[in-house]
Amino acid sequence: MVSKHLFTKKELDAYYDNLKKENLGALWKDLGHMVTKEPVHDVKPYLWKWKTVRDFALQSGQLLEPGKDAERRVVYLQNPSLIDKGLIGFGTHTLYAGIQLLLPGEYAPSHRHSQAAIRFIIEGEGAYTAVNGEKTYMERGDMILTPAWTWHEHKHEGTEPVFWMDGLDVGLVKSLAASYFEQFKEESYPALAPEEYAIEQYRGGAYKKLNEKIEPGYPSPVYGYKLDRVKYLLDHMTEEDNDPYEAYAIEYINPSTGGSADGRIGTVMQKLVPGQHTKAHRHVHSAIYHVFEGQGYTVIDGQKFEWEKGDFFILPPWSYHEHVNTGEEDAYLFSYNDKPVMEKLDLEFGNAYEENGGQQIITSTFKAEANEE
Amino acid sequence: MVSKHLFTKKELDAYYDNLKKENLGALWKDLGHMVTKEPVHDVKPYLWKWKTVRDFALQSGQLLEPGKDAERRVVYLQNPSLIDKGLIGFGTHTLYAGIQLLLPGEYAPSHRHSQAAIRFIIEGEGAYTAVNGEKTYMERGDMILTPAWTWHEHKHEGTEPVFWMDGLDVGLVKSLAASYFEQFKEESYPALAPEEYAIEQYRGGAYKKLNEKIEPGYPSPVYGYKLDRVKYLLDHMTEEDNDPYEAYAIEYINPSTGGSADGRIGTVMQKLVPGQHTKAHRHVHSAIYHVFEGQGYTVIDGQKFEWEKGDFFILPPWSYHEHVNTGEEDAYLFSYNDKPVMEKLDLEFGNAYEENGGQQIITSTFKAEANEE
Amino acid sequence: MVSKHLFTKKELDAYYDNLKKENLGALWKDLGHMVTKEPVHDVKPYLWKWKTVRDFALQSGQLLEPGKDAERRVVYLQNPSLIDKGLIGFGTHTLYAGIQLLLPGEYAPSHRHSQAAIRFIIEGEGAYTAVNGEKTYMERGDMILTPAWTWHEHKHEGTEPVFWMDGLDVGLVKSLAASYFEQFKEESYPALAPEEYAIEQYRGGAYKKLNEKIEPGYPSPVYGYKLDRVKYLLDHMTEEDNDPYEAYAIEYINPSTGGSADGRIGTVMQKLVPGQHTKAHRHVHSAIYHVFEGQGYTVIDGQKFEWEKGDFFILPPWSYHEHVNTGEEDAYLFSYNDKPVMEKLDLEFGNAYEENGGQQIITSTFKAEANEE
Amino acid sequence: MVSKHLFTKKELDAYYDNLKKENLGALWKDLGHMVTKEPVHDVKPYLWKWKTVRDFALQSGQLLEPGKDAERRVVYLQNPSLIDKGLIGFGTHTLYAGIQLLLPGEYAPSHRHSQAAIRFIIEGEGAYTAVNGEKTYMERGDMILTPAWTWHEHKHEGTEPVFWMDGLDVGLVKSLAASYFEQFKEESYPALAPEEYAIEQYRGGAYKKLNEKIEPGYPSPVYGYKLDRVKYLLDHMTEEDNDPYEAYAIEYINPSTGGSADGRIGTVMQKLVPGQHTKAHRHVHSAIYHVFEGQGYTVIDGQKFEWEKGDFFILPPWSYHEHVNTGEEDAYLFSYNDKPVMEKLDLEFGNAYEENGGQQIITSTFKAEANEE
């Protein structure tokens, strides 16, 4: 049995000192930092203007040698709150956003990586993405999946520059020490299927070749998600579908699971009608928003972020947020998030903002400040 | 312990006699009838000509009072080999086929049943089927699901008669003593979704409302399967996809599972190019065929069944069969089967015909004979 | 268009006559027989006394040559209501029950079939069943799985006769024309695992070898279900667990699915405390009961079936039934059923008996009558 | 179109300068840090001696007031390579290990958290863990699950101190900003099930109450994993089961999935026979090892870590490792890892060490150095 002995202050200091020397710790002192009552994080919200981002991206077209490194002609959003921690390329702790420019005739050769990626087309037409040998054309408002581990490449067959947003889970994969990247041994992956075959296979019913194996799950059997579908579905939502926190919202899904289109990155298009002002809530998952159409603002933990068409902003984890459409047209917000990860790991939870009728009191307004370092 | 005693012939007879009186049986005598080395059944193949069936169906339009009993204006295929067993309405031991006529303005009120049903449109346009309050329009060559237990109704808004084939698992449900039928309390089920909403939800990607629950599985989230999709997919198959037994074949699937569109009734469209002659095989599942386009013949256990556009024929379980296109155009065979049932119950198996280079020797040619009873 | 014409009686008769000759039918006349409002069947309840069955089984030990055909030393229950239909070996439309005798030293060589099988040990010890090369010893009250398609064999290493009940889905497989039987090429299947390995693998936790593949689903990873477990669990049920229709009931499950231990045959042990009288209900699935311990009666569609230890009785589909324990000890009823089939095919439904406080009025008492034929 | 213009050095500097001010980045410069060819991490291996850890833990029994904070009488392993990053309580980037002392009569009141936890009993007996109201007793070598979100508590009813190892995914949950902790409103959660009920439910077969819902998946239906099972299974492995990299290894599984017992923390017991020396490989997942029995060493990225009974050591992600048993008895290594997380997120991969016959050249031997800071 343990015999009782009262430690003197000196003995106690020695104990802690020795513990530390042995690379051990006392849980009774540190538990509160390890297992907190609710989520703790360093991610702050931020907003970037489309004009600024577009200009920098466009200049990269002149900066980099034509036809070379086309897959890297990307300006990425760097969350200033994460720079100090050396987290380069982080929009949130898990998600990355880059704005990619592809010039007519340019080509990004086939490669693959363990990071999941989605693309959202902002401007231009005539470019395609090929995933595992199947081309999908990209038009403004479309969302394209290039799931983790799939071979993918981009080419621009049109005449005007194309801009799209890349969404990857760079932060997540870095945190988990699981990065992998591989260039395909040739410039282009062999064409294994007719153009947009999957889109054909999954519309007006769903079909497979008699001997084709389809494993429900990951990745999604379709890669191209068309804007006109999203608009159609949003336009056919009724008042009942109007979510108090998310307004009219359509989620892009994997038809074989009913869950998120990508297995790790969730994607959502929200519509706010003129004057609509949602209630605030918060949740574990974080998101990056792109204003597809309209103008308004979002309040994040009391801070007002004013946005208009083309802008990007960060929603950190566990942050109260509500959206307002101040324009005269419907506003459309496209966003992607890490919710599927949290759900797969049984880590998603959240709560509504209860005070003040469910809407926050605005305590400050965001103004981009130059990062002078 | 059992003491040894030799039974006399008389004692033995008495034993079996007494056993029978007690409603007991001796497995050592009867095992061979209960557990056979391979499938045993009473289903014989048969073929019906479209012209005959169509005429009878059309006359039912005059026979029955207009606007009444529209859901019963159906002529069904009765397999003569199953009449003696009292199996009324059986095409195979599990499957039923009926040819339904819907006249302009007619309406079949909402009902549901435990039988699964598929519809294949043979002639006409302007009619719709509504499933659980969602309308899908029916055009020649389309396949429509009305899964077991779903409320469904049909209405004809066009100007010419519409003919379609109903495929139900009447025999299966009867064998399992599991029939259920219920008329909806009102004529029409409430419209719960926009027209062909599911088709919109599952094309050009796949989507759900943010709070919509989608359970992968049964029934399929889409009800309408369009001919142009099937043709597109068949036309994009390559020589590699050309199955030795089934030629070019597309299966209608449930996007949420990758399996059969209906959970119990499998559906397939096959294309045979001119001159194509498949190899023979057999399997546990049975099928009913409808010749959508073309002419040729099918050999079933050595018997030749000549067919042309519109005809129907029975493929019994465990019967060798091969198909031949004798025309100058592609032939299209639509068929439905009980394969999903056999697969769910782990009872599907089969084998290829090995002799004679894989093709049967024709020993007779089918000729419909009048059922004189 | 269809021109209107009124059929004369004579024309009508000719129409129906011609329809029949062409092996076609008029749905408007026959629908009611095909799709009934509720289940229709020919299965009647029946009861056999243990003493009778045991005597006949024991005599088979003398009747058949020792050491030969040991796998066929089985007396099966023949439901008299199904004899006329030529359904030999049917207890219900789907299920078979046989009582098997294995004498000391006897051996049933390895074989497999498409029928699913369960064994329930009634008397004796020292015999084992081996499934895919893994032995499980059989003691009174144990339930052993030999799932469809698995290689299995039995051997008796003890000194006294062993009796068990075989439960197979002979009727189901026959209805679906899916029977398959194969004798193993040698007498015994190779021993691929230590004795009762699966039982060890799934107790006190659950484990696998690092590189072992375990596919959740079918068949169950465990084959031997021990009586002492069932009793322990029944004894730890509380009043809350006392089901109004089934009393205290434990279902044998497949740990990898949470569903029925066998994928097609459900298995249940019920306990009724002295004086317990359940309420009546009915359901699509049928069952065969074996009275493991106790005495009482079951009322099936108004008919009283008195039972005592060792007896067997038939519960047809869609039949109201309630159980009563008239003894001074707990009564234990073991039963197996076709519920997993109905559930997999989405065909299971049922309802409670609403009148008379939920218990039937007894209109007759069953008395076995000699089958004089 | 983009007009071509050559940037001067000065313009280029201005571009990058302005980009940074706007909190934007140039992917063409930073991609290599974001998406690396293979995993990059800061986790170094380390080893702690049991005697040292045990002494500090035992002293905590005197240090902390008796009967108070019993749930915190834990000395945790602090990986020195992660201290600089402020990662307090991290053994690897995802996993935490603490050695907990529970004194006779002590009690850790009911609480729950979003972190998953496993317990491995090192010394003592008479303590129990209750999960969601069901007690499981803890003996040396047992592994106990307290899955994320389940209410759990510990109590010591024995007479000697009990030591166990706590394994939690503190790092993972912190990286994902998903921590949650809640004390139960009363000291003890209501007893909802008999002691070790789940163990009874899943041994000698598997069972459920008739109306019990069992959802295959998460968490495991069993909480207590007994040492004697693991030893039995290891002892029945054959040479074929001897994995070149992991020797004889048993994984603790969730019977309802066939996958890891805990949904996020994998658990394995390995046996090395005397003289056994495995080949080296590496993988994305990381692990923390506890030497249950025996002596030997492990080579991690060329560094030799000598261990004996009771010691703990860290296996970082993506580090070549091989194990050697230098003793005369079997060595048993218990370890837990983050492999289920990597697999759920489709991020697990690895490779064998190919050079030098698959075994590393030892370049240094680990010697614990005092952390002087």
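All chains are identified by letter, namely A, B, C and D, in their written order; residue positions are counted from 1 within each chain.
Everything that follows uses one rule, which is that a contact is a pair of C-beta atoms (placed from the backbone, for glycine too) under 8 Å apart; a residue touches a chain by one contact, two chains touch by 3 or more.
Since the structure is predicted, the reported quantities are computational estimates derived from the model, not experimental observations.
Centroid analysis (C-alpha atoms only) places C farthest from chain A. Annotation: A-D is the more contact-rich of the chain pairs A-D and A-B, by number of C-beta pairs in contact. Chain centres here are Cα means. That of chain A falls 29 Å from that of chain D. Distance between chain centres (mean CA atoms), chain A to chain B: 46 Å. In chain D, no residue touches two or more other chains. Looking at the complex, you find that chain A touches chain D at residues 1-7, 12, 15, 18-28, 30-31, 33-41, 43, 46, 48, 52-53, 56, 58-64, 66, 69, 72-80, 88-89, 93-94, 96, 98, 103-104, 113-115, 148-149, 160-161, 168, 170, 172-182, 218, 263-264, 284, 286, 317-318, 338, 341-342, 344-349, 368, 370-373.
Interface residues of chain D facing chain C in the complex, by the touch rule stated above, are 143, 194, 197, 199-211, 213-216, 220-222, 224-226, 228-230, 232-233, 236-237, 241, 243, 246, 249-258, 261, 268.
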